[in-house]
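Naming follows writing order (A, B, C, D and E), and every chain is counted from residue 1.
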Amino acid sequence: MATTAKIRKLLLGNEAIGLGALHAGVRVATGYPGTPSTETLEYMAQVAADETQVQWATNEKVALDEGVGAALAGSRVLVTMKHVGLNVAMDAWMTSPLVGVNAGLVVLVADDPGMHSSQNEQDSRYLGRFAGVLIFEPTDSQECYDFVRAAFDASERWDSPVMIRTTTRISHLRAPVTPHDPDILPSRPFQRNSGKYVMLPVNARAGRQRLLERLPQMTDWVESHPFNQEEMRSTSIGVITSGTSYQYVRDVMPEASVLKLGITNPLPEQKIRRFAQKVERLLVVEESEPYLEESVRSLGIDAQGKVFFPRAGELSPELVRLGFQQAGILEVPTSSNPAIWPESVMRPPVLCPGCPHATPFLVLREIGAYVNGDIGCYTLGASEPLSAMDTCLSMGSSIGMAVGMAKAGVKDRPIVATIGDSTFLHGGIPAFIDAVWNDADITVLILDNGTTAMTGGQAHAGTGTNLRSSGLPRVDIAALCRTMGAGSVVVVDPYDVGATHRAMLGATRYRGVSVVITNRPCVQAPTKLFGRTYGVDANLCDGCQLCMNIGCPALGWDLATEDRRIALIDADQCTGCTVCAQICPQSAILPVPAGSGSRGGK
Amino acid sequence: MWKKEIRLAGSGGQGLGLAATVLASAALQAGLYVTTLQSYGPEARGGASRSDVTLSDQDIANPWFSRPALLLALNQKSWAKFGGNLAEGALAVVDSNWVEAHEYPGVLALPLEQMAKAELREKIAANMVAVGVIGVLLDRLPLAILAEAAYLKAPKGFERINKAAVELGWHVMEQIKGGVEREHIGGA
Amino acid sequence: MNPGKALLRQDMMPHILCPGCGHGIVMSALVRVLAKRYASLDQVALVAGIGCSSRVVGYIDANTLHTTHGRALSFATGLKLARPELTVIVVTGDGDGLGIGGNHLIHAARRNVDLTCILFNNETYGMTGGQLAPTTVTQAFTTTTPYGNHESAFDATALVTAAGATFVARAQAYRPDLLEGLIEQALDHRGFSFLDVLTDCTEYFSRKNQLGAGSDLLFSQTRSDTEISLDLTEWPRLQEPDGFPVRNLMPMGVLHESNRPTLEEVMELPGYRPKEG
Amino acid sequence: MATELVSGNEACARGAMAAGCNFFGGYPISPSSEVAEALARLLPKNGGVFLQMEDEMGSLGSVLGASLGGAKAMTATSGPGFTLMQEHLGYATLAEIPCVVVDVMRVGPSTGVPTAPSQGDVMQARWGSHGDRAVIVLAPASVQEIYEMTIIAFNLAERLRTPVVLIYDEVLAHMRERVELLVPHQEDLWRRPKPSVPPGPGYRPYLANEEGVAPLPNFGDGYRFHVTGLMHDERGYPTTQAKAVSQLMSRLKNKMEPVTEWILPESYRLEDADLAFVAYGITARVAKEAVDRLRDAGILAGLFRPRLLWPVPVTDFQKLLGHAGIAVVAEMNQGQWVEVVERLAPRSMQVLGQGKLGGEPMTTEELMNVAETLMQKGARVL
Amino acid sequence: MNDPTQIHANVVVAGVGGQGVVLAGNIIADVCMYYGLDVKKAEVHGMSQRGGAVSSQVRFGVEVHGGLIEKGQLNWIVGFEWAEALRWMPLLSPEGSVFVSTEEIIPPSALKDRVSGMVRYPLELLDHPRVRAFDAPALAKQAGNVKAAGVVLLGALSIDLPFSLDVWNQALTRWVPTKALEINLRAFELGRRWEEKAPVTKPQPVPKPITRQVWLNLEESWCKGCGICVNVCPERIWTLNQKNVVEALSPERCTGCGLCEKLCPDFAIDVLTESTIRVNEEGGSVLWQPN
């Protein structure tokens, strides 16, 4: 590591955080995959020394627990998650500052403004402030690297976890990073201290007291911290900003003075007051919530923010420019004649060709069940043409929602919860147990594709692998469900449309908790899978479009025909899963004979 | 009314059915009424196969009889089976080479097969020799009609042999006739 | 529009088949083909046995003969040899054709009379309330297999192929176009042609085995193709799927075709005399 | 005309040919096989179809199919096979399909003695098929009669559109007798009635003619109609209406009635008989001999021989037999037609069933003994 | 612009998941790094990659702040797919230009209008002086693998940029897996000479709308309410009503495939088209017909 330290690398923000953590001497890194946080651990797994533990945990709560444990045991720990993951870890998160750390504990929380891959948009800084921890907000990959190293020092200094908060455009921004020499750390063996580490009410009260005493000291420390940097240029406009918003401000208003906040909890009140006094007009530019804006205002300082810059969605240079224009700071350009370009196409995410999730939703739609979905690729079962999902809330919620539906007395259609293997292990199990316990008449469809596909194919407890290990014990989901008391557990091949149909039908008719588990691996990860290519016999296809209802991207139309659109299979995309061939009522979809130009064989 | 119930017996394959056919055909030709019955099925393939022929100068009401007036027995088994159940005063013709039938007074023991072999080089024609013998005993069927029937009903290639065999039997029987007492033959 | 609809005995419709019965789909394909081929059905005879499938012929305005249980082929054989100019189509069920009538089936195949036999295979005796049929798959529940079927099912096509049928094919109710095409090919074929059509019993078999309604059953037919399933065996699975009491995977389409003189030709019946030279 | 020595089974085949039979579907069984063998030889030479089927159900099935195609069709079988044919006999009755079924009786039940004669199928011929049905059963007693009755059977089958059963025993089947093979005139061969209306809407295949017979066309004649073994209405469509069903059943029965006027029984020396033998088939011939010999012995015996077993020749029976004091019903079974006689006999008549089992025909002596014993007892005879 | 160490520019690589868009962006960024430039590159991860639009926004210069490119400041679009390139054109600077593959990947959602058969996708290529469209996959195929189409486009882009071929090749060597390197280097070279090599071909015919007219006819008294049509209809036109008889919910969506008719066991549905129309005068009412 040391030999390559000085070379400038092009790293994602996430990767930079991972590298920074490694250079800070992290010995344990854990987390649960979640866009946009996932690549941190994946990168660390690639580059870390052998003795460094990098592994996925079953969920964020478990990861944070592990993190606190490891920190108390003397290892610097990085725990990664996305914003909604922090909600899962919330219980431990709120208490961990009371327990404190021994070695540094840094929690990466990646927010997803604009909800590129999330079910909500939340500003995790509130949760950092809520817990009373330091929040570091880097603005690019280099800062990611630098801040995480500083965060470990801070964590140990303040005996508290530290949050590194990024957003999509930081996590997924690739930019140069110049690393420094790795830290050399003193040993910090575990010291028994049940009075501090055991959260009995009496001890917790003491912890709470420590936290409250610590906060003003931390504020003082932050006041002088170089990560909160005043960049004085023109004094007519001052902008307080953090994270990626800083970069947009720099791009759009290069002449503006900026107070760039690298640490956003606690806030440097004095520094803010000073900066406010230096500029004629003060604006706060930040993504999503008016977190900084409200804080500034609470100091009695007149600042404007969300009135010009949208609270919903992601910021962009355009939006920032628009905000400044609305604020009357930038001139609205006289409309030139912009080029008119044809409208592009909507390209919503879709299930991949050969995705084993397609058939179950096809079947669910036919059966007409009420489907409670969950978080994962299969949430796409909600969109056209599968359109077979009625609800989706959060990780692991499907089963509980189904139980609720059943208990509400819904009887006109079967109630189904669909949940992926990783999500089931993440958050589905307690709800599942509840369903069994309360004798809910529901069917749980576990879409087991042997990976955490949505985030790019990460391991989980059912895969027998983890980031840096293989041959691990594997949770047998079917056996687990039986053990938990499901009355009927059936494993079915989702590429077998008829069998899937029969299995789902049988399960939905079962009274009590029934389980159907699909058994085909994801075609994309961890290995790209494909079989024999299939094609459409134009003489047989009558253009009924039934195959198009799978929503397979490999299926399209032959546009040359005039009185009907017959189907066409893109041989490059076709994985040969055979589902369309099975449902084609005309038997028009057939394997392409080997040697006819397309990819044959397996 | 003249009526004669004849049983032709032997082992399957000895041509008793044909013998019955020749007799019946000749009788038909001669203006007589006739019925034939023969053992059937596995019995016809066994050691004691039989063909029954009833001849009459009037319509035959009942073709079925259990005690024949004339028995031809070509083997011992047939004799054992049917020899003990003959009508009163019945005659029996047996192949002397194969049948031991001393105890019965009306037995005419002739070396039928030997005769056929010696004279015609076809021992299989013993049945037709017997038909000739029976023809004489019946005294109702002219030799010409009987020989013609044997010729017509013979399997392909056996026409002349069968005809000659009937003639052989007929002539041999004519010669013996003197020594056979008339009342045993029955008839008019 | 199905042109075959005009060939129905309108005063008998709607037919007695249960809602969603696959037999109706096969019937629909059959009349479609008949309408395509024949301006009039005067020279077409439909001969059926006993059972739900066999009821189908009564609704078609042809020369229709609804015979006794299992014996349709024998009636048809007699009819065809007596009137060789007729097109004779036998409609039978799996119980009718393979159970009680199995003997006639194999001998009809052996004789190679120029008949077309369409076997409506719904895995059960529907008319009598859903009992075990020779085609009922192992494990399946019927009213006479309350503990699941312990026996194996017949492959009708293998049977008739072995018996000497000169055209053997399999189709499904789910794939009406394939079915129509195969009916046409079977009718084109000179000699004994046999078509095993997989249909479904929505009322009895389905209920006993929790297979759902008509459309559910149609969907369960989607797997019935060995070529596809062979492709799938090459794919990795995470664990072995549980077995269902479902039909063995069966190949579709024309499974056997051969050429030998029909009985009519051998008998030199009118219209079947051997060609000169 | 030719006089030939032929067996009963051969005569049956020859009679069928003379009647214009052009389809035979059969299955080998003793003691009927020679009928099939003869027709296998005769039919193809005369433009007919001979088909050996896979079993008896198939045999009669093919016959019915051929008949619907317009063929004059028959089959021949024996006891076990006849049993298997019962369903199709019922079918043919209900669907009104002409055909001739020859049953050569052998010892039963079950496989019994396949090669020995019996008269055990008389009731099966009547009641063998389930349900209720009217039947025509002919019982020839000589080879000559087999020949003639086969022709008659076809005539009845065609005219009345119904199956006709010709029933005789193994002795007659294999017995050879002189037979005059009379070639019937074409006008003496009855043809099945055909519809008098052209095809078209409103055509009703099962609308009976004045004889109560449905004048079905042949398949392929341009009429399209439905034939079913279900109870049907005049359109041939299945019906479950009680009225329609009972009408149909009555018609099927009523149309058989003239048969007893067409097929008369044989009466032998009955005019002054005190004791009447009632016998059919081979047994009647034995009884005839017994009559002569009893009369020689001074007993006034006579013979009533039904040639039509079913429907029962009631009128003839009462006319011819009315005055006899004793009726001895001789049959090679445990007593079948005797039940008919018991039912028909006047109160004054003593009816005795004389059965014979075991596969050997009754003998003259046996019948004479019975008669003599009865007469000795005095009974109510004189 | 000719000094590779002083250049300031924004490039977007746009395409569809799986086309190698992120990799291409990395290669460009890598080349810039060689010249000591500051680089910011925004990528798309997660759900959007599932068959959705993927882009790499590469910003480089002496000093670069944000990773996102502002409208009017986009200098080059490298479009791996036609519609994806089009998506970025509104951001193009007045002098900006486009290298785009003529490959058209039509998403399933663009094929919703099954009655007219019209595709909601800009099938027609643009005739515009700054849009340089060519059949990159064809060149990639020449190079040895159709999947190298993106690198062909990078080759084309490289002509406009002041970076040396060696540096490009080095970057390729770093980012492309060794076994595919030779093909990719060849593809890059073919891309640099795209003008002489690649004809502009029209990848998709522009379709005419379907003119087939369809009538639906229902024999209500024959329908037994089995629901087969409800479930097999690809357009989900049918529904069962209170009387347990089917009813056409949205007949205007009927494409006339006839599946419901063929799979109706009860002969209750007629799908009539011009060629088959013979409306039964007695029974059944025409449920729907086009105006």
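Things worth noting here:
Keep this in mind: contacts are C-beta pairs under 8 Å (C-beta built on N, C-alpha and C of every residue); 3 or more make two chains touch, one makes a residue touch a chain.
Here the structure is a predicted model, which is why all the values come from computation and not from measurement.
Applying the stated touch criterion, the connected components after subunit C is left out read A, E | B, D.
Looking at subunit C and subunit D, not one chain touches each of them.
Centrality annotation: C (chain centre taken as mean Cα position, compared with the mean over all protein Cα atoms). For the interfaces A-C and B-D, the C-beta contact count is higher for A-C.
One simple way to say how far apart two chains are is to compare their mean CA positions; for subunit A and subunit D this gives 92 Å.
If you average the Cα atoms of subunit B and of subunit D, the two centres end up 36 Å apart.
Note on chain placement: the centre of subunit B and the centre of subunit E lie 105 Å apart, centres being C-alpha means. Averaging Cα coordinates per chain places subunit B and subunit C 62 Å apart. Touching two or more other chains at once are residues 231-232, 259, 262-263 of subunit E.
Among the residues of subunit B, none is found touching two or more other chains.
Residue positions of subunit A with contacts to 2 or more other chains are 366, 542, 585.
The full set of touching chain pairs reads A-C, A-E, B-D, C-D, C-E.
Residues 174-178, 210-212, 215-216, 219-225, 227-229, 231-232, 234-242, 244, 246, 252-253 of subunit C touch subunit A in their complex. Against subunit B, in their complex, subunit D makes its touches with residues 3, 5, 30-31, 114-115, 170-171, 174-178, 282, 285-286, 288-289, 292, 360-361, 363-364. Note for the complex: subunit E touches subunit A at residues 16, 25-26, 29-30, 33, 38-53, 65-71, 83-84, 86-87, 89-90, 92, 94, 105-112, 114, 117, 119-124, 126, 146, 204-208, 210-212, 231-232, 234-235, 255-259, 262-263.
The residues of subunit D lying in touch with subunit C in their complex are 22-23, 25, 44, 49, 51, 53-55, 57-71, 73, 87-88, 91, 199, 218-222, 224-230, 235, 237-238. The touching residues of subunit A, when paired with subunit C in their complex, are 363, 366-367, 448-450, 476, 478, 490-493, 495-499, 501-503, 505-506, 509, 517, 519-521, 529, 531-532, 540, 542, 576-578, 581-587, 591, 602.
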